[in-house]
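Chain naming follows the written order as A, B, C, D, E and F, and within any one chain the residues start at number 1.
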Amino acid sequence: MSRRFVDQLRDGDNLEDVYLVTDKQLRANRNGAPYLLLELRDRTGGIPARLWNSGDHVARGFDPGDFLFATGKVQLFQGSLQVILNTIERVESQKVELTDFLPHTEQSVPKLMERLRAYLLRLGNPHLRALAECFLMDEVFVRNFATCPAGVKLHHAYVGGLLEHTVSMMDAAEKLLPLYAGVDRDLVLMGVFLHDAGKTRELTYTRAFGYSDEGQLIGHIPIAVEMLTEIATKVPDLTGEPLPRELMLRLRHMILSHHGELNYGSPKVPMTPEAMLVHLIDLLDTRMHMVLRELKEDKNNPSAWTPYNANFGRRIYKGGASGDLYGEGGGGYD
Amino acid sequence: MSRRFVDQLRDGDNLEDVYLVTDKQLRANRNGAPYLLLELRDRTGGIPARLWNSGDHVARGFDPGDFLFATGKVQLFQGSLQVILNTIERVESQKVELTDFLPHTEQSVPKLMERLRAYLLRLGNPHLRALAECFLMDEVFVRNFATCPAGVKLHHAYVGGLLEHTVSMMDAAEKLLPLYAGVDRDLVLMGVFLHDAGKTRELTYTRAFGYSDEGQLIGHIPIAVEMLTEIATKVPDLTGEPLPRELMLRLRHMILSHHGELNYGSPKVPMTPEAMLVHLIDLLDTRMHMVLRELKEDKNNPSAWTPYNANFGRRIYKGGASGDLYGEGGGGYD
Amino acid sequence: MSRRFVDQLRDGDNLEDVYLVTDKQLRANRNGAPYLLLELRDRTGGIPARLWNSGDHVARGFDPGDFLFATGKVQLFQGSLQVILNTIERVESQKVELTDFLPHTEQSVPKLMERLRAYLLRLGNPHLRALAECFLMDEVFVRNFATCPAGVKLHHAYVGGLLEHTVSMMDAAEKLLPLYAGVDRDLVLMGVFLHDAGKTRELTYTRAFGYSDEGQLIGHIPIAVEMLTEIATKVPDLTGEPLPRELMLRLRHMILSHHGELNYGSPKVPMTPEAMLVHLIDLLDTRMHMVLRELKEDKNNPSAWTPYNANFGRRIYKGGASGDLYGEGGGGYD
Amino acid sequence: MSRRFVDQLRDGDNLEDVYLVTDKQLRANRNGAPYLLLELRDRTGGIPARLWNSGDHVARGFDPGDFLFATGKVQLFQGSLQVILNTIERVESQKVELTDFLPHTEQSVPKLMERLRAYLLRLGNPHLRALAECFLMDEVFVRNFATCPAGVKLHHAYVGGLLEHTVSMMDAAEKLLPLYAGVDRDLVLMGVFLHDAGKTRELTYTRAFGYSDEGQLIGHIPIAVEMLTEIATKVPDLTGEPLPRELMLRLRHMILSHHGELNYGSPKVPMTPEAMLVHLIDLLDTRMHMVLRELKEDKNNPSAWTPYNANFGRRIYKGGASGDLYGEGGGGYD
Amino acid sequence: MSRRFVDQLRDGDNLEDVYLVTDKQLRANRNGAPYLLLELRDRTGGIPARLWNSGDHVARGFDPGDFLFATGKVQLFQGSLQVILNTIERVESQKVELTDFLPHTEQSVPKLMERLRAYLLRLGNPHLRALAECFLMDEVFVRNFATCPAGVKLHHAYVGGLLEHTVSMMDAAEKLLPLYAGVDRDLVLMGVFLHDAGKTRELTYTRAFGYSDEGQLIGHIPIAVEMLTEIATKVPDLTGEPLPRELMLRLRHMILSHHGELNYGSPKVPMTPEAMLVHLIDLLDTRMHMVLRELKEDKNNPSAWTPYNANFGRRIYKGGASGDLYGEGGGGYD
Amino acid sequence: MSRRFVDQLRDGDNLEDVYLVTDKQLRANRNGAPYLLLELRDRTGGIPARLWNSGDHVARGFDPGDFLFATGKVQLFQGSLQVILNTIERVESQKVELTDFLPHTEQSVPKLMERLRAYLLRLGNPHLRALAECFLMDEVFVRNFATCPAGVKLHHAYVGGLLEHTVSMMDAAEKLLPLYAGVDRDLVLMGVFLHDAGKTRELTYTRAFGYSDEGQLIGHIPIAVEMLTEIATKVPDLTGEPLPRELMLRLRHMILSHHGELNYGSPKVPMTPEAMLVHLIDLLDTRMHMVLRELKEDKNNPSAWTPYNANFGRRIYKGGASGDLYGEGGGGYD
């Protein structure tokens, strides 16, 4: 039987499925009897749920972030839906289909991965190609890279987001490189690959998206440099010689400077053509993704504007009917 | 006889050619006798020149910005070259080959112009195509657009620079548009065409590059909006209907927001996908141009770094021999 | 029968009047029965209202921003007043007295308009006087200028606010001009008239105050320049000659620079004495209005300070009894 | 015999007058013989002067800031005038007419002083009037207040500048107060009087303009508060009662907040109507003075723009002939 | 009988004690009957309380900030505790043990005071020692200095906090001074003593912590300078000579510059070694106090991070078990 | 024979010693004859030097940064000393006593090194002690750490400056740690040791001070993290177990956050007590060093103020005679 997602629940439905718990409170009702107030979520949304007559012993059995198999009934209360629970039971996260609980890219992860490999394994510079191979031979890294979001909130905040963002930037780089002679193609593609690779350790993305301790204390930029220097030691096994010092210098610089300015967390500004291009393509892909996502998430809302997005500092204009640009719908400008 | 450029002058040469005067001072020598100290320039550089025993009546005959036919002799003085003048004579600027005196694009202006026309006349939206035609029918505008630099100092600061920058951005837009579905191609290309069109009135570029009074008081962003609204009134002659209001709104917004932030002189931040893309491609083309120009202008200097550029806030790393990236030249990283 | 305003409603009153709907939600009560929760407003304030047993068909009949003729009863609920509705009926906005629903200036709009005309029609410079006449002959413009607020929230946020602010600035200019010889009086007065004229198109003010699409995408500064260039084309009909180029340059510059700094949305800083004075008087009138309004709106509150105003970044000190400044009320400073 | 000012010196003139020394260097000529290189100044400008064959013993006899009676001959050298000195002799500054050496206001200091007194002695609030009297009874203060510039470089940088600026602000306040009901006139006038009074101790202005040690370490804002609290203790001698605490609080606040923002050196932002008005009038008078001075000092320069002023961050537009605003001189705008 | 603190109340308890009222609202229940909703607080926390059937006459009898003797019963309501009141009676604040209601330092105030005196009375410079004695002879000042918090929210926000912060800074100064030869020890210790002394008048701390009118309009920095100049006039009574001018200059400068930068409210940056050291030790003590307090207040929370503190702009990392730093608990880094 | 330093050269001296060349220009004299203009330096200063009749072949024989054995004669020219060279000969830098050419700490480097070792080898945490040992066993690192300056210009800009700054911070940490319970002493000391260790690779300091390519592209913060991770792999050889993960996390965080704010180049702000303390002690030691150095370098200048230091944004007040603080020298404050 296929899963019943939160956005499919209706008043009167019976509930019988696994959900992610994202909030847990022990409260008392008007008679002083304790009950549990939970929030249950999956990738489509969240719903409050109450388990009456339920004390400390039940509450201690699980934590926010755990998965629960829950049975109960959906009802309307004060204009919103809630669940009155009958039973709850903790489920190991291994037994759960993660993609049911976290938003994920609409593209095919295996195809994106295939495209990433194709870019990397066709690099002309043998040192960089060998470096890429060393990364791709690391199975844990590859699995993380394929799963990790590109951000918790701002952009590409879904499973596979990092991979999608990276491949999209490689596509943009491939298109733009012919316009700017004097920029090393291989370095740029490698810079794109590495620039956010540290997010695989900065973020947590096996349950809810968040930051790891290392992510908060170190950040993805220094983490990526560390990952590079570690993997770089394996290159001589493939090529018989160490990565040229000059190449490592430029790779590390591209990672460190890709946020473009010190106050955005880059300890150095871009000072090579390749670092500059990686920074600019990152900015372009990120900003365009944000604008287009605002429009997409708001497309059923009849307003001419998306809601104000505080992180982005603006609303996006959706405008009137598409015919407007061709003037069929109304008055002209004169 | 072909022109003798400033960078070809040598100690002992006879001088006999037209030069642009960019500085004029009346001084007195140790005996109190007055002489003229001038700076003569062409597109390859400048040289100081002295005309002994020369008083007010000579000095009043011309101003900085004028062209002079000058004869005299080149000599070394305190380690630098200077000219001791025999005669000077003012020349009308119409008789002068402007391109000898101002730096110009290395690309062919007619070919760039052809590519611009091709982009514009193939626009799918008939209103935008008609608008483009109206601009292209304005001969003064076209001549200015083909001549104007994109800046006085920062980037594309040469005759034809605006055109080169515009076509380069159109190329980039054409390449990137397929990656970002939901962005209107015709609007973006028109936005690229218009975004800096106001520079044709903001700048002066018939002698030395500078700012017009209107340029300083109004700026190219409001000027471009004015140019658009004026030309837009001619569109109905071609299409039989006014430019749709919605289209004008989005065109004006693209121009106004293309600097991306208020403190860079845009009174609005980009709030449509097309305005965002025009802004980002402008940033990308400008920054890449600056980095690559720094490298190019400094290529004969053996230092690993370009000189510090205060406008850019950085030096650019040139690095060692090109072989370094392949490790043939030296030690590796381990 | 005169209107019963929201701030006159008391527990137990019968309600029977027209109100502006500013919020509409369809909710379900504890038994799952749907009801409508509305907010009704007029210029004196707002009150929540419920219509029991009311479904989608009723809710679809009107939108926030519409006017409703409502009957029902006022009651206390959880310490606040609310309305239990019996009937609601949509009313066309043409049939409504707008001034009952929007706050308006305490001054007489016709008298303010008279004073504005007097300033403008007595300008000494015939070109500027003719320009002013052209604006005043445009009936739509005049009606909008007389109605428009000067802002949505920050200052003069009421019907007639723009006119009041403009005349107040003209009064200030008239007083200050004799102190600063070398400043052109006519230019300053015209600059004051035009500086915020674009707000007539930037804002919406027929129902609740807000921003038009053009207002958000273009902003009142470029709109005002556009209005000026359009109306300027009519001047030759009155004077027989075009507006002098120099005059237009200075007028456009005054509008563009009146916010004083780029990061406040002016693409140019003031660079003429007149532009500087218009900017400074605008700042002065706006800031003084804000301080005095904070005091006025808070005059019944016994605290020595107005509430914190986040837009203004401060509270205003009201102090003790007025006698304090004369020391009759208490201890001195020694 | 009237003084020969620096701007009246010509090649070949004999020099025989007192000058202010502003630079002193002991140098050696090509033969190693020492000579003194000085700069001599008066209020009209400066000129370099050399005293040949002059060693340490002469150099030690005076310092920059001293006055010298000098004899010698003016000559042209490398296009500029210089003085070859015969004799120099130190002169006590008491014997010197200070106004010959420092720029001073073009207005009459006694008349300005009279107007200041008139404003202050007609204040309605008896406490404030008494406070003003106490200041005016302090002869040292009055002499300093009449002499002190309002700044070293930025604005009103001349003897009498503080007084001129203060009276100009009082004029502006007098004109504007009727427009803003609810602002206490007496407090505003007193605030204007006190706001920069600390400059009498912050600056030095008996020789060249500069900052005192106290001025650099404490600044005119805290100094003015100190002056106020000290003089305030004398008020009870006149009125029989101490200055009301509330009045002192508002006076101190006006002084402390008059720069408007923390990063301009005001430890508090304006939080009373009177403090806000004093701040705004100060800004207005200062900025208008700066714009008009730029124009005035540059009036003989044929350029349409004043030179770039780095402190002000801009050039000021002077425009074409005055007729331009009336269009007699040229083409129109269409 | 010892006081029952808010954090000791449990469901079903009888309440019979004095509390501080910090909120008062008159509401109506569902039947329209009025009741009072209060917040009662002591230094351990707050609890809501309701007095049924209680009208205006009762509500007018006291204000937030007053103390009430209250009787009633504690009960659970919607998962939180509240009080149902039987009687309330206003109590004069003099009869109340202030330390029961405001948080206070964990250190002994008399011992801290003793240490402060010891530092001050052993100063080597007789003028500074005499100045300190004059401060310590002022009983009101001493009582305030011993009671005042160092801030309302940010750091040392408890009774005795100013004293604790001052003595902690003196300890740090004493330790650091030997490392930086050329810094005057006596000046630094006096600077530490005075730097925040103005908080005794800036803040209110007899009921809830807050700002006085003088505190908001003037601020503790100018107040401290005023206190210093006033007390300084008493020094000659002890020493027979006025405080040296140079000493006063440096003392005032230390107070004025101790925030380090203009935009933090210091009208001058530190320009003497002593002012620099006082500023740096203040920063150090304040920041370390904030970090350590975040950790302490959150020590029972099992998360690895303290909650986000918006004033501080960060969370603090608490990490795993303390054993982790010694690696007994888990995996290593390799 | 002991070296004759630049600051000991006098008019007429014979020159015969090794100097560092810091500038080289080939010029032509009035007759067109080429000559070399050099700048010769040692740690006490620089002097211009000319080698007449010297062409390209000589100039190509050495570069700025090389050492030359030079003979010639010192003479006065235009008030300054210069050298007329007879012979120059390139000298290998290995044969040169580096300390003659670069400024160095006034403290004993071996004693500072001894104190550093003592701090590190007495650390209580065995992992950190082992880590320190691994660093100290690396001879190249130790030699660099003992030689490197702490900066090129701002502070401790001399040979041994990094070591001096590090030990000074350890002294300060040792003194302050007892005041702030809850801060791990061993972590702080290790953080101090590591925080600027990357400067050993960021800077060049074998000839003139400057930045390495790696220094400019990567910066000392990421370099130090890299050095730490590399050396950390050697710890298990000493302790038999890897460095605990938690320890490494906190060490890396201390290095990364020690500049305190993102716009100063730290990609993270301090979020542990130890990171906060290391940052604050670094700030304190650096700022105090800068203030005291300004005073020291200017001690022979009779002005009351040091010259304006643009990097520091201020001048430092030196004040009158030291007696002033005791009032023996003059008037008091009353």
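We adopt the following convention: a residue touches a chain if its C-beta (ideal position, glycine included) is under 8 Å from a C-beta of that chain, and two chains touch if they have at least 3 such contacts.
If you're wondering where the values come from, they're calculated on a predicted model, not measured in any experiment.
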Look at both sides of the chain D and chain F contact and report whether the same residue positions are involved, with over half shared, or different ones. different
What is the distance in Å between the mean C-alpha positions of chain D and chain E? 44
Could you say which residues in chain F touch two or more other chains, in rising order? 213, 216-217, 250, 253, 271-272, 315, 317, 319
Touching pairs of chains in this structure are A-B, A-C, A-E, A-F, B-C, B-D, B-F, C-D, C-E, D-E, D-F, E-F
Touching residues on chain B, where the partner in the complex is chain D: 25, 27-30, 32, 213, 216-217
In the complex, chain E touches chain A at residues 11, 75-79, 304-305, 315, 317, 319
Contact set on chain B toward chain C in their complex: 213-214, 216-219, 221-222, 225-226, 229, 249-250, 252-253, 256, 262-268, 271-272
Would you pull the chain A residues touching chain B in the complex into a rising list? 125-127, 168, 171-172, 175-176, 179-184, 187, 232-233, 236, 241-250, 253, 269-273, 276-277, 280-281, 283-284, 287-288, 291-292, 295-296, 313-317, 319-320, 324-327, 329-334
